[in-house]
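Both of the next two complexes hold chain A, though its partner changes from chain B to chain C.
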Partner chain A sequence: MKVGFFVGCNTAFNRPDLEQAVRYAFPALGIELDNLEGQSCCPSWGTMPSVDVVGWCVVGARNHTIAEEKGLDIVTVCGSCYGSLAESKYKMDTHPEIKEQVNNILKDFGREYKGTSNVRLTFYYLYHELGPDKIKEAIKYKLDGLKVALQPGCHTLWPSKVYYDKEEDPFHPRVLKEMCEALGATVGHYTRLIDCCGMGAMRSTDMEKSLKLVERKLLSMKSEVNPDLIVTGCSSCLIQLDTAQEFLRNSKKINFEIPVLHYMQVLALCLGADPEKVTGLAKTNVKPIIERIVG
Partner chain B sequence: MTNEQAVADIINLSEGDSSLANEIRELGGEELLECIQCAKCAAACPLALAGFSFFNKRVIQAVLMGLRDALLDDSSIWACQSCNRCTEICPREVNPFEIIQAMRRVAIREFALPTLSIEGLKSLYDTGHAVYLAGAGNTRNKVGLPEKPPSTVANPEALKELQAILRKTALAELGIIPMEEPGV
Partner chain C sequence: MPRIGVYICHCGENIAGAVNVEEVRKYAEQLPGVVLARNYLFMCSDPGQELIKQDIRNGLIDRVVVAACTPRTHEPIFRKAVEDGGLNKYLLEMANIRDQDSWPHWQDKEGATEKAKKLVASAVAKAAYLEPLEDRFVEVTRASLVVGGGVSGMFAALDLANMGYKVYLVEKNPSVGGNMAKLDKTFPTNDCSACILTPIMVQVGTHPNIELLTYSEVESVEGSVGNFKVKVRKKQTYIDWDKCTGCGDCVNACPAKVPNEFNEGMNNRKAIYIEFPQAVPKRAVVDIEHCLNCAKRVMGTQPRIHSKTGEPILAPCEKACKTGACDRSRAYNPEGELIELNVGTIIIATGYKVMDKEPFKEYSPQSPNVITAMQLERILSATGPTDGQLKRPSDGEKPKTIAFISCVGSRDKRFHTYCSKVCCMYMLKEARLIKEKYPNINIYIFFIDVRTGGKDFEEYYNYCRNLGIRMLRGRVGAVDELPGDRLRVRAFDVDLGAPVELEADLVVLATAIEPAPALEELGRKMGITCGSEGFLKELHTKLYPVETSVKGIYIAGCAQGPKDIPESVSQARAASSAAAVPLTLGKVIVEPLISEVNQRKCSGCGTCVQLCPYSAISLVEDKGKLHSKIDEALCAGCGICAAACPSGVITLHGFTNTQIFAQIKALAS
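So, the complex of A and B:
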C-alpha cells in the first residue's frame, strides 16, 4: 500500500514533530509514503479561495495532479489542507466549466486535472484501509484506560458532501473515538465535542474571541470528562489547544493544564516511536502521558 | 432616545446597493437568492457563538439589502473559519460559506483586505506556502527531519511553476502583491 503525504504549512513549519509521527506510523503499519515532491500550500482559505474560485482550484489542481500522475491518494493531518483540497476537487468534479478553465491554465505546464486521486485525512484513511482491529494488533504499547477527550475538528466533518471518507452522522462523529479505543483509551463525551476550537482565521482576526471559544471547550472537557489527555484529529486544533491553555491560565480563565496530542502522535508512540521526535514540540507537558504509555 | 437618533438607526433600504447581490452571485455565491433567512446556519456558526457582528445569515441579509459599506468596514467575514457547518445544515443548499468567501472576493476587488491576507498571499507566491516560518529549519532538524519539507521550498523548479500558474489567475490582475517574473 502506498499513499501521497501532503504535509502543508503548519505541520511542516510549526509542528514538524507531527510530520515525523506520520512518517513513523504509516511505514510501521506497512504503508509507504510518497513525498509528492514539489507540492505547495493547499491553498489555505485566506489566500486564493478568498480571491477567486478558478485561482483556488488551479493551485489545488496542481497539487492533485502530482498525486494523480503517481496514481496515489493524498493523505494529510491538517484540517485546512483536507478541506481546501477536497473542496477544490469537488468544485472541479461537479462544475465542468471550472475544470475546463483550470485545465486551460494547466495545459501550458504539461498538467491536466483528471480527478482520479482522493483526498483523505490520516486517521480516516487508516480506519478505512486497515481498520481498528489491525491497529490494535500492530501496537506495542497500549493506552490502558487513559482517559481521553476528543477534538475531531471542523474540516474533518463538514461539508460531508465533499469528502471521500464520511461519518454516518457528521454531527455525531464516531471514527476518531473508535480509533482511540483501538489504542486502549477510555473516551469520554462532553457537550461541546463538536464546537470549533477557534484556531485559524478567527484567531488571526480577533484573538480574544478565538480564546473565548477554546475556553468554553476546555471548561466543558474538564468538568464533564476530566481527561488525562486531549486527542485531536486536526493539526490546527492541536496548535490551538496546545498553545491557548497558557494564555488562559495567565488571564485566570482556567486553572488547569491538559496535555494535547494529535491522534497520529499517540499512534506513533503506541507503535514505538522516539517520543522526542514525535511529540518534542508540545507546549503542554506531555511527559507524564508518555511515561504512562511507554512506561 | 430622541427622534433624531431613532431615525438614524433605521436602515434605508432605498439606499442599498443592488449591484452587490449580482456581484456575489458572479464570484461564487450562485445560490444567494435561495436563502429564506431561516437562521439554521447561524445556530451552527462559530462566528455567531464568538460574538462577531456579521455571521453567515447576517452576511446574506446584508448582501440582499445592499449594505456594501457595512460589510466592508467590519472584520467579521475575515474571521470565518471556513468550517462549513452552514453548508452542511442549510435546508436550501445556499452554501452560506461560499457567500462569505464571495464577499471576501468583493472586498479584495476594493482592496479592503486585512494585512494578514496580503502577507499570506505574498508568502504563497514567494515560497509556495501561505504560512512559512523562516526559522523552522532548526525546529525540523531538532525532531530529525531535513531542514526543508519536500515542497516548493525544497524544489525551486516547482516554485517557479507555481508562480507562473499564479500569474495566470485573477490574483495577477488585481495587483495586490508584486508578482514580477524573476529576472524581468
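So, the complex of A and C:
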C-alpha cells in the first residue's frame, strides 16, 4: 500500500514533530509514503480561496496532478489542507467550466488535472484502508485507562458532500472515537464536541474571539469529561488547543492544563516511536501522558 | 381562399412594452390569406371584441387570428365574440405573444418583435385550414367523489350532499377527521378542535346522501367530466363492520403493541384498534402486519379444539367480542374489495403530512425531549399519550423552560423553499396554551420572521407577547443534549448581533407541512400535475384556484398547498360549489377537439387501442373487417392515436396534420 503525503505548511514549519509521527506510523503499519515532490501551498483558507476561485483551483490542481501522475491518493494531517484540496477538487469535478479554465492555465506548465486522486485525512484513511482491528493488533503500547476528549475539527466534517470519506452523521461523528478506542482509550462525550476551536482566520484577525471559543470548548471538556488528554484530528486544532491554554491561564480564564496531541502522534507513540521525536514540540506538558503510555 | 383577420393586442403595456405592435401589424397584413390586420389597447374589452364582430358582420373576414395572451383564460371570450359575429366559433386561432413572448423576452425588444411575427405567421398559416366544428353534449352522472376525509374533504362532501347530490367520501384511515382531529385547540379563537370537528364528522357519518368509504383508497380513474369511472379499494379490516359496535372490548384484550400513529408515535396502540375515541365510523380494524395470531388463530383457519373441554380455542379478541364481528375463522380476502363508482365530478382533498424530526441532525433528534409541534399538540390534547398533562417524554417531568424553533424544513433550501404558513400561529397557540395554564414556565420562540397575516392573527401574536412569551429573532444552529435530560439551544440573535445560548427542558420543532404521501401518484392517476414543491397544481393561481387542468376534477385544502383551517374550509366550500355546476346542469359541453378514424381506410392494426390513455378506442368488426372506433364521450383529444397511426387515418380535429404542418412551415420559413 502506498499513498502520497501532503505535509502542509503548519505541520512542516510549526509542528514537524507531527510530521515525524506520520513518517513513523504509516511505514510501521505497512503503508509506504510518497513525498509528492514539488508540492506547494494547498492554498490555505483566507488566501486564494477567498478572492480567486479559479486561481485557488489552479494551485490545488497542480498539487493534485503530482499525485495523479503517480496514481496515488493524497493524505494529510491538516484540516485546512484537507478542506482546501477536497473542496477545490469538488469544485472542478462538479463545474466543468472551472475545470476547463484551470486546465487552460495548467497547460502552460505541461500539466492536466484529471480528478483521479482522492484527498484523505490520515485517521479516516487508516480507518477505511486498515480498520480499527488491524491497528489494535499492530500497536505495542495501549492507552489503557486513559480518559480522552476529542477534537475532530470542522474541516474534517464540513461541507460533508466534498469529502471522499464521510461520517454517517457529521453532527455526531464517530470515526475518531472508534480509532481512539482501538488504541485502548476511554473516550468521553462533551456537548461542545463539534464546536470550532477558534483557529483558522479568526486566530489571526481577532485573537480575543478566538480565545473565547477555545476557552468555552476547554471548559466544556474539563467539566463534562475531565480528560487526561485531548486528541485532535487536525494539525490546526492541535496548535490552537496546545498553545491557547497558557494564554488563558495567564489571564485567569482557566486554572488547569490538559495535554494535547494529534491522533497521529498518539498512534506513533503506541507503535513504539521515540517520544521526543514525535511529540517534542508540544507546549502542554505531555510527559506524564507519555510515561503512562510507554511505561 | 380564406379571408383572415388578424387582431393584435397591446395588453396595455404587457405586450406593447416589449413588442413593436405596429410593426407586427404591418407584417401580418402582407401574410397570405390575410385581408386585414388591426391592433387595439385591450382586445378582450368590449370595444376590442366589437372590432372582430363588426368585421365579420361586414363580410370582410371568415377566419380570425387573435395575437394576445393565453388561450387558457381568453380563448372562451374570443370564441364567443366570433360566434356572436356570426361565424363558427372554432374558426379562431390564438397566438400567445404575451406569456410566450413579451414577458420572457422583456429585455430584448427587437427579438420579442421578431418572435411575435413568427407566432402570428404560424397562427395565420393554421387559420387558413381551420374547419367549422360543432360542440357535443354529454349527460352527467349526478354524483360526486371526494378523496380525503379531513376537514376540507368533509365540508366539500357535506355541501354537495346538502345540495341533494350523492357523494362518495373516500378516506384512507379507518376514521374521518384527518390532521385536525389530532389538534388540541385551534387558532385564533382557541376553540377545542375535537369540539368543533366531531359534530361535522357525525354529520358526514349520518348524512343520507353521503356514502362513507373509510379505510379505502382510490385505485384508478377513467373517463372525463360528467362520467368518471373510479375504482376504489376498500382495504381489509378483518372485522365485520356491520356487526362491530365500536365497544373496544377486543382492543382491551389484544396483547400486541404498535407505535400509535394518531399520537405521533409517542405511545402504543394495539394490533386491533379503533383509531381514536371520537372516530367516525367507530369501528375496529386489525393491523394484520402486527397481529400476533394469538392461540395460533391465523385469519381464515378453524380453531383447534381443547382436548379436555371440547371447546374451540379462540384468540383473546374473538373471545372478547360480544357481537361476532371479530371472527378469525372467516376467509377474508387480504386484498380487500375493489368497487367501482360512477361520478360526474371529483374533489381531491388529501391534506398534508408534517415532517418528522429525523432529518434535522443538528437539533439532536435522538433526544426524546426534542419533539415536533404535532407531537406537542398530542401531549396537550386530553386524548393524547399523557391525557393532556404537560409532561416531557424522557421522564414525565413538567418542563420549566421550553424552546420553540420555527421554519424547521420550511424556507430551507435543503428541504422546502416554501413557507408552511401555519407554523408561526400554531407555535404561538401552543405557547399561549401552556403559558396561560402555567405562567411560571419560561417559553422562548426562535424565529426568522413572524408571519401572522390573517384575520385576528396579529392581535393574537401581540397578546402572546404580553403574556411574557419571549420572541428571539435568530436561526437556531444546534441543539445539544446535556446531562440531566437538559438541552442547550444555540442560535444567532440577529438583534443582538451575537450568538446566544439557552438551556431548555423541552425543544419543539415547527416542522414543515409536506404533501401527503403518494399525492403525486394520485395526481398521475387523475392526470393532474404537481408543482415543484409537490402540491397539486390549480388551473390558475388567482382566477381558478380550485379547478385543475382536468375538467371536472377540483382540489381543496392542503393538497393544493399549506393553509390553515379557515382557508381550507373556504376552499373546500368553493370546490364543492364548482363541482356542483356540472351536476346541476345535467350535461356538459365537450369540445369537439377529439380524434376521428377514417373507418374506410383503417387497417384494424389496433396500435391506437393499446396507446389510448382514456380507453376510448376499441376494435369493432364490420363486414368481416376489423377497424377501430373512438368513443366520443371518452376521447379527451390528447392526440396520441393520431400521431401513432401507421396509416395516418386518424384526424385530431382542431389539430389536423395539415394544420400542424402549415404551422411548422410558417415557423421555419
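Simple rule for what comes next: the second predicted complex is superposed on the first by the 295 of 295 C-alpha atoms of A that agree within 3 Å, B and C clash if a C-alpha of one lies under 4 Å from a C-alpha of the other, contacts with A are read in each partner's own complex, and residues count from 1 in each chain.
Rule of thumb we're sticking to: a residue touches a chain if its C-beta (ideal position, glycine included) is under 8 Å from a C-beta of that chain, and two chains touch if they have at least 3 such contacts.
Predicted model, so just to flag it, every value in this text is computed and none were measured.
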Partner chain in contact with A:Asp169 - chain B first, chain C second, else both or neither: second
Partner chain in contact with A:Ser251 - chain B first, chain C second, else both or neither: neither
First, second, both or neither for A:Thr191, with chain B first and chain C second: second
First, second, both or neither for A:Asn10, with chain B first and chain C second: first
Per-residue touch tally on chain A - higher for chain B or for chain C: B
Partner chain in contact with A:Gln39 - chain B first, chain C second, else both or neither: first
First (chain B), second (chain C), both or neither touched by A:Glu224: second
Chain A residues contacted in one complex by chain B, in the other by chain C: 170-171
Residues of chain B touching chain A in the complex: 27-28, 46-47, 49-52, 75, 78-85, 87-88, 97, 101, 104-105, 108, 113-114, 116-117, 120-121, 124, 128-133, 136, 139-140, 142-145, 149-152, 154-155, 157-159, 161-162, 164-166, 168-171, 174
Chain C residues within the chain A interface of the complex: 361-362, 364, 366, 478, 480-483, 488
Sites on chain A touched by chain B in the complex: 7, 9-10, 12-14, 16-17, 19-20, 23, 35-41, 43-55, 58-59, 62, 80, 83, 105-106, 108-109, 154-155, 157-161, 170-171, 195-196, 198-202, 204-206, 209-210, 212-213, 274, 276-278, 280-281
In the complex with chain C, residue positions of chain A that touch it: 169-172, 191-192, 194, 224
